[in-house]
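Below you'll find a set of structures to go through.
There are two complexes below, and they share chain A, which is joined by chain B in the first and by chain C in the second.
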Partner chain A sequence: MTRARRPPLGRSLLRLFTVQGSWNYERLQGIGVGVAEEPLLRDLRAGENGAAYRAAVARGAHFFNAHPYLCGLAVGAAARAEHEGATPEQVERLRSALCGPLGSLGDRLVWAGWLPVTSALALIGVALGLGLDAVIGFLVVYNVGHVGLRWWALWAGWTHGVRVAVALHQPLLQRAAAWSGPAMALAVGMALPLSAGYLGGAFTGWAREVLAVATAAGCALLWWGRGRLTGLRYGLALLAVAALVGWLWR
Partner chain B sequence: MSIVLYRVDDRLIHGQVIVGWGQPFHVGFIVLVDDAVRASDWEQDLYRMGVPPHIEVSFASIAEAAQRLPEWEADPRPGILLAGSIDTLAALSANSHRVKRINLGGIHHQPGRSQRLRYVYLSDSEAVKLKELAGQGIEITAQDVPTARPVPLEEFA
Partner chain C sequence: MSLELQLVLLLWGTLVGLDLVSVPQMMIARPIVAGPIAGAMLGDLGAGLQLGVLFELFQYDVLPMGATRYPEYGPATVAAVSAAHGAAGALGLGLGALVGLVTAMLGGLSMYIVRRATARAVHAVTDRLEAGDARLLVRLHVSAIARDALRAAAVTAAGLGFAHLVRLFLAGTLPLRGVTLLGIAAVAAALAAATAGTLRVVGRGASLAWFVAGVLGGTVLVWLR
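Here is the complex of A and B:
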């Protein structure tokens, strides 16, 4: 068994920010996860001409897919398992078993929770006249949570190794996952009418009615065209139509 | 209602299974067939964490699955049977003779495998095994999510 006295978690954390950069269909996030794990495996270089180190680094770069903010948990846990003498098969199985839970938990916590909640609060702030302060506040608050989650994941993985399920069962994490959906619904529900009022404020008379019809049509089309149409595509199409009408009408 | 999907996916339980297939089919239970996971409490603990509380998860070895397949097929709730490898589902099929359709949802890169579809990598021996299963009358298609086109085996193996 080998154990680093001061594991370079900071270096690994920095590399975790690039984890999506090498995403590909062959290994998905595997290469990025392997790169992030490598600093934690350097203690294994001693002995056998570094064979254990090279094998562990290669394992770290195998196929992997999870939420990018929680990948660190797999990085830390796999590195710790390598130091504790887990067999290659155990390490592989640990990585495989973590893909699903980390993807599911990350989606609920971040994509369906933290990101829409903080974005909605920023929209509310802008609609209430806070202007750029609301945008800066969003960037600061969102990223404090985002970087904090990445750091916690890496630390928890390294602390618990193959027993990392203990970290995922923490009551605070479970409560956050359970509350993220309702919190998102509340924040977005408040932000939508305020934002609509703010954005529609510059329009008057018939232009406001056209805007309301376009918004209602967009909602209906997005509902019926789920999987084919996205809000971004619809918004870009509306912009193109508006630009064309404006050009013809000038 | 029985089992609506017999799926080979080396990621086992993950978002495509829970949300992609689970929601439109209103899945009430998932059976994960894997000898190693069946013998490992901590792996079962991790896989359970990715599943919402209204979906029941069972873990079975190949032998147990062959024995319990009639029971799952008689379950009034729609269910998904998941295996991590073609070998596992082929063994289950050989032991039970009840598998009529196989969905390949994700078989990813490993040494010796070559890319057949974006999400399907097969070794030559795996391709041969799939053709043998198809020769026994089992319908085999690749389809990662329900909104994608099911790709027949002859188009990629």
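Here is the complex of A and C:
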């Protein structure tokens, strides 16, 4: 058992900002997670010609997939487990066990929560005439949460090691996950009519009626055709139709 | 547009493309950031904000989860702003949407190609990775990031090239009704994509009531303005 005196969490955190840089269809985030974990494993280089270190580095780069902002939890926990002399099987099991919960929690908390909430607030700000201030506000507020979450994840992983599941049951985290859905729905719901008003300002008269009909038809088509029809495809198709009608209706 | 400005946009588009997945995911890749900054670079903040809002709405149709393939709207928004630069209102929206949506599709395809190339690079050195070669691990990671930067630059360059062609051959030839219809198509598709995308996430649970409350609140605000 080897205890790191002062773990280089800062270096690991910096590397975590690149965790998806080598995302690929073979190991998904594995390489990036291994790169982020490596500084925390350097204490293992002493003894046995660094065999423990090399084995831990190799394990760290195996297949991994979770939300990128929460990868630090697995990085810290796995590195701590390696220091505490956990068996290779225990470390592999720990990593596998964390993939699902970290992916699901991060997706709910960030991709379907914090990100759309803050970006919707930016849309509302722009629509209300705040201009670039709304955009800068979005970047600052979003990244306070982003960097905070990355740091917390790494710290919690290193602190709890193999008992990292405790960290996932933090009341604050659970409350945030529970509130992210309603908050997102409210913010995006509010942003939609305001954005429509902002972009629709370019049109008057009959054009506004056509806009309303095309939007409603698009909503229905995208809802019922989900899985086959995407917003991008609908957009390209509608632009093609508009260009054709525009040429014919001179 | 001067070559210097094009190069500045190319650099911005590359950073934006790199931010989406690789480094550092601080969300400059979101259209609501990429667009206004590109607009400010061109001295046309209005077009940047307008296209930023438009593509941010398209972005709500995308949840970047796991190994799913999705369009890349960051560099696309930069190219769209370049196409819309100087073209006010509906024309700017229509031309920008055309350039942006095609570039977004190209961006999505390019990510798939790069991820496969990285998988091949990883596969080729599996034995050394299993031996715990830390230097190789870091080199592999850095080269994958460089590959993604090249990809982002290529996508932005293609988008800017397409924007140039659209401005050159399409902008002056469209009749007024055609211009209006193109703008309508762009805004309608963006609003529909955002609404359907959000509803997919919201589902039929309690959040649906919050969504309806938000729409009503937003509508009241529009009416009051």
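Worth a mention:
One rule holds in what follows: the second predicted complex is superposed on the first by the 232 of 250 C-alpha atoms of A that agree within 3 Å, B and C clash if a C-alpha of one lies under 4 Å from a C-alpha of the other, contacts with A are read in each partner's own complex, and residues count from 1 in each chain.
Please note the rule applied: a residue touches a chain if its C-beta (ideal position, glycine included) is under 8 Å from a C-beta of that chain, and two chains touch if they have at least 3 such contacts.
All values derive from a computational prediction rather than experimental measurement.
In the superposition on chain A, contact is made by A:Gly103 with both chain B and chain C.
Within the superposed three-chain model, A:Ser195 lies in touch with chain C and out of touch with chain B [touch as defined at top].
When the two structures are aligned on the shared chain, A:Ala167 is found in touch with neither chain B nor chain C. In the superposed pair of complexes, A:Tyr25 makes contact with chain B and with chain C alike. Once the two complexes are overlaid on the shared chain, A:Arg93 sits against chain B while remaining clear of chain C. Judged by the touch definition given at the top, the superposed model places A:Ala153 against neither chain B nor chain C. Once the two complexes are overlaid on the shared chain, A:Phe63 sits against chain B while remaining clear of chain C.
With both complexes placed on chain A, chain A has more residues touched by C than by the other of chain B and chain C.
Common to the chain B and chain C interfaces on chain A are residues 25-28, 65, 103, 107.
Residues 10-15, 18, 36-37, 40, 42-43, 45-47, 49-51, 84, 108-110, 115, 118-119, 121, 147 of chain B are the ones that touch chain A when the two sit in their complex. By the touch rule above, chain A contacts chain B in their complex via residues 25-28, 63, 65, 93, 96-101, 103-105, 107, 162-165, 168-169, 227. Of all the residues in chain C, the ones that touch chain A in their complex are 21-28, 30, 32-33, 36-37, 40, 45, 49-50, 52-54, 56-67, 71, 89-90, 93-94, 97-98, 101-102, 104-105, 115-116, 118-119, 121-123, 129-134, 137-138, 140-142, 144-145, 148, 174-175, 177-202, 205-208, 210-215, 217-219, 221-222, 225. Chain A makes touch with chain C in their complex at residues 17-18, 20-28, 31-32, 34-35, 38, 53-58, 61, 65, 68-69, 103, 107, 111-112, 115-116, 119, 122-124, 126-128, 131-132, 135, 138-139, 142-143, 146, 181-200, 202-203, 207, 210-211, 214-219, 221-223, 226, 230-232, 234-236, 238-239, 241-243, 245-247, 249-250.
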